[in-house]
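Heads up, the next two complexes both have subunit A, just with different partners, subunit B and then subunit C.
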Partner chain A sequence: MANRSSRPLSRGPIGSTLNYFWLPVVLIVVWWFASAGSQSFFLPPLSEIVRVLWTDLMNGKLLRETLFSMRNVLLGLFIALVLGIGFGLLIGRNKALRVAVWPFLAFLRAVPGVAVVPVVLVAMGVGPGPQIFIIVFGCTFPILLNTIDGVRGIRESIIDTARAYRLPETLYVRSVLLPAALPQTMAGIRISLSLSLTLMVVAEFSAGNAGLGRYIMQGQEAFRPAQVWAGTIYVGIVGYLLNVIFLFVERRLLGWYFGIPRRAPRYRTAPSSAGKAIKPEA
Partner chain B sequence: MLKNDPQTATPEPVVPTVVIENLAKSYGAIEVLRSLSMRVEPGEVICIVGPSGVGKTTLLRCLSGLMPPSKGEVRVGDDVVTAPRPEIGIVFQDYRGSLMPWMSTIENITLPLRGKGIPKAEGLERARRCLEEVGLAGNEDKYPWELSGGMQQRVAIARALAYDAHILLMDEPFGSLDAQTRFDLEDLVFDLRRRLSISVILVTHDIDEAVYLADRVVVLSGQPASVIDTVDVDFGPDRDQVETKSLPEFSKLRGRILNEIRRKT
Partner chain C sequence: MERVPVRQVGVFVLFLLAWAATTQFGGVSPSTLPPVTDVAGALLGLWGDPAFLPSILRTVRDALTGLMIATVLGIAAGVVIGTSPWLERSTRLLVDFGRSFPQIALLPIFLIAFGATSTMKIVLVSIACFFPVLLQTIYGARRLDETMADTVRAYRLPMALRVWKVTIPAASPFIFTGFRIALIVSILVAIGVEILSQVEGMGRQLAEARNFYRTDIAFAYAIYAGLLGVLVNAAADRVEVALLGWHLRSQEA
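Moving on to the complex of A and B:
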């Protein structure tokens, strides 16, 4: 419906790959040569960073930390998703409820997720529990508030149609309300996705004995800046990959919103009937 | 065609009479409709015509049960309308907003059938036939926004047919379409009601459209609006956009209605 991607600089598979990657490649190359032979303690040569990254990838250390962190992030996001969408649909539909909880929501939204880290860690201690709690706390709000907005923005004519054709409640929520709010909800999920990594890293900085944040912190404590850099770059790559997965899912779920027609026919009848198709208007 | 459906199996669909009695509607202190009464016999096409803003849409919303009247009542068969009813199908003016953009045409048509608890295979089968009925076979998997305005409105009509509506309520359904498309859709509606013997209540500000389609034209005017005239139209079951509209009787009726609306406003 709204496909507003700008035109690429050049076309074809090679052209589009170039369009995507020329700048990162140039920057990495510049970094590599500019940092080569660097004597600065805080800015080790990129070759040294890559060496540490490679070693810790190969010896399984980073993988272990990744599993711990990603399990917390994905679990936290999943809970935030369920809470955000569930309560978002409920609050979005119910005006009285919306008015009642709005000041509360406005306040909680204003509390930065990372601000609760100390309190939660003191109250809940170390381990995956508090880590997940912090991610859930921070990531629920973007999804919740966006879903509420999405539900409120549903067109009057859609509601009329659903009423006129007497759609039962569950069908209405599942097949009308949820998809109608989905573009907004997905925007909220995208915010939560990057927020979840921030919260993960900060929470692991502050406490905990495992995770990618811990890996970075260890580098600092052991005076190994190359490890700090390696961890930072690694978290960046993980975040990038999560975003790629998100975009893929978003395009599948919101094809209609981005104006992507369905490629595989699902319900179309045999060619015999399709052949008879009349096109009444051009 | 719906008549021969073995599942919905009634040899002759039982189209109920619609009776509107002393219907009035006010929004707060503003009186929109005053003391409206009319009757729609089974299989009749009634066009309600009046100037823009006279309250035609309000009337249709009261008829459909989407909105309660302030006074009076609407009866379908023996029942007083208090909520949307299963024998009434609605085609809205805003076709862009009344088809779900996240559903393909066939999913849009089957959505109300799922609500009725009709098994999936049967619903699909019925939806496919109705899509064919409105001349859109082969477009099952298209999204509404891939179709032209006229085609979208055909999907909306197919949805009402698949819903097994015996009474079709249409709110300025062709108002925002170009002339040629409008003519095609007018002929489609005329043809459908002849073959399926459904009742049609169509609201329009287009006097030509009203006279061309209707068995009876109800003229609304005034503030608050009331019925100022009911005009019987007798062009028979075969009408043609060119021939019927060039009949002397056509321009006579057209002139009469136009005068009435003008005099009142």
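Moving on to the complex of A and C:
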């Protein structure tokens, strides 16, 4: 009872659902009516935007572009994940190697992913290949550097214990290193996830041959602002869903870390991980 | 530790050698991967280009302007939302939507609305930077520990005093984490906008070099963008120590 006292009046499932949804609903309704008779070229009525979105969803056009974009994003993220975690574990446990390569990796990470887009597109042309390459380039380093830092942060006593028990190599990596680095690694993956969407959009705007970015650009070129809006909102929804999936997976994998078995906290201390430049050696 | 970081420098040298070997013997066309010597030449030659420094300054200025706007708004909104559980729940969906949205996708809409201008770039940068700051501020403001909250209540601190002297300082380590994320985002988005929309800045120079198949210059700009990132990060380290020295010291203890 005591810890519930700080909660506001909206008790019960209906009250709390209302608490979460009232503001978005109000905003959408306001937008709907405020834009209803809009003659402004770049602010079409919301009803028009929704109509375009619905039509293109139903005729499969939007779905085709989604498949192209999402395949690139997921494949790119997967490769970045394998490279980032693999090399992260390798580099993280070897101090000499870690010290030697850190400045180099830190520099590569600082190169904004969008800056490689024009270069890669010239080199590799259009199609899924360059799109995936750009996402891999941008998304590997946050995962890699965070994993290295996660491995580095493991307490000596844990490593000594594992050594004392002569854990076989694979078991050591899989059940000591990986779980210990996981919280940091996940923070890196989260950064990479949003980065991958940004890179996808920029690369598709630049190449403009396929994908959700192309869908938006088409609207712009054809002077159909409703399509631009529809595509933009749609990309937002896709991004939101990806994030929801990520949080679900993270909660599954890291429930033990947050110390809360079922409901993970929404915010957490990005443990020196998120945007923070991680020092090479303490 | 050694005075000269031999190993660290060695890694860079090895990388450059590998690059040189690839272009020398690998049979890649120079428009794909320019020889390392060409890029080195471009890195130096750019200093003679009158458009070079202004473009960097332009990018930095616009990115930082957007960042500052976002920081002020993000902290203000974050403190308000973070101190009210009811407001926090009411805005949760919107905040989650905003943070997972790739803000650069707004570019076409912004181009129609504002045209290809610096203002448009700054507005887009500030939207992108707003969410990391907002999120971390909400988190920091929510985490005010029980003793502190009780003390504030016991002394009946006025609202303004509470926000300035308690909530913001207590949340400042988190706010700074948000600021750091936003800092990286600001440069990323600024350069992204410049590449896509031809607004003045490094990104535009890079894209133009690409259009003339001067891949060496494009590489040089990408490298300078990386150095800019390193520099900006180092500056953030300094600021963090200056502003949050008390917190960092208390953590080390």
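Basically, the second predicted complex is superposed on the first by the 244 of 282 C-alpha atoms of A that agree within 3 Å, B and C clash if a C-alpha of one lies under 4 Å from a C-alpha of the other, contacts with A are read in each partner's own complex, and residues count from 1 in each chain.
As a working rule, a contact is a pair of C-beta atoms (placed from the backbone, for glycine too) under 8 Å apart; a residue touches a chain by one contact, two chains touch by 3 or more.
Fair warning: this is a prediction, and the values are worked out from it, not measured in the lab.
Of the two partner chains, neither subunit B nor subunit C is touched by A:Y215. Look at A:F87: by the touch rule set out above, it reaches neither subunit B nor subunit C.
Contact with subunit B, but none with subunit C, is seen for A:S157 once the two complexes are overlaid on the shared chain.
By the document's definition of touching, neither partner reaches A:F68: not subunit B, not subunit C.
With both structures placed on the common chain, the touch criterion links A:F141 to neither subunit B nor subunit C. In the superposition on chain A, A:P179 makes contact with subunit B only, not with subunit C. Greater residue coverage of subunit A by touch, when subunit B is weighed against subunit C, goes to C. Shared contact residues of subunit A with subunit B and subunit C: 266-269, 274-277.
Of all the residues in subunit C, the ones that touch subunit A in their complex are 5, 7-8, 10-12, 15, 31-33, 85-86, 89-94, 96-97, 99-109, 111-113, 132, 135-136, 138-139, 142, 174, 177-178, 180-184, 187-189, 191-192, 195-196, 202-203, 206-207, 210, 213, 215, 218-219, 221-223, 225-230, 233-234, 236-237. Subunit A makes touch with subunit C in their complex at residues 6-8, 10, 16, 19-24, 27, 41-42, 96, 99-104, 106-119, 121-124, 191, 194, 197-198, 200-202, 205-206, 213, 216-217, 219-220, 225, 228-229, 231-232, 235-236, 239-240, 242-243, 266-270, 274-277. The residues of subunit A lying in touch with subunit B in their complex are 1, 155-158, 160-161, 163-168, 171, 175-176, 179-180, 182, 256-257, 259, 261-262, 265-269, 273-278, 280-282. If you check the complex, the residues on subunit B that touch subunit A are 64, 66, 83-84, 86, 88-90, 92, 94, 97-104, 106-107, 111-112, 114-116, 124, 128, 132, 135-143, 145-146, 148, 150-151, 154, 159, 163, 180-181, 184.
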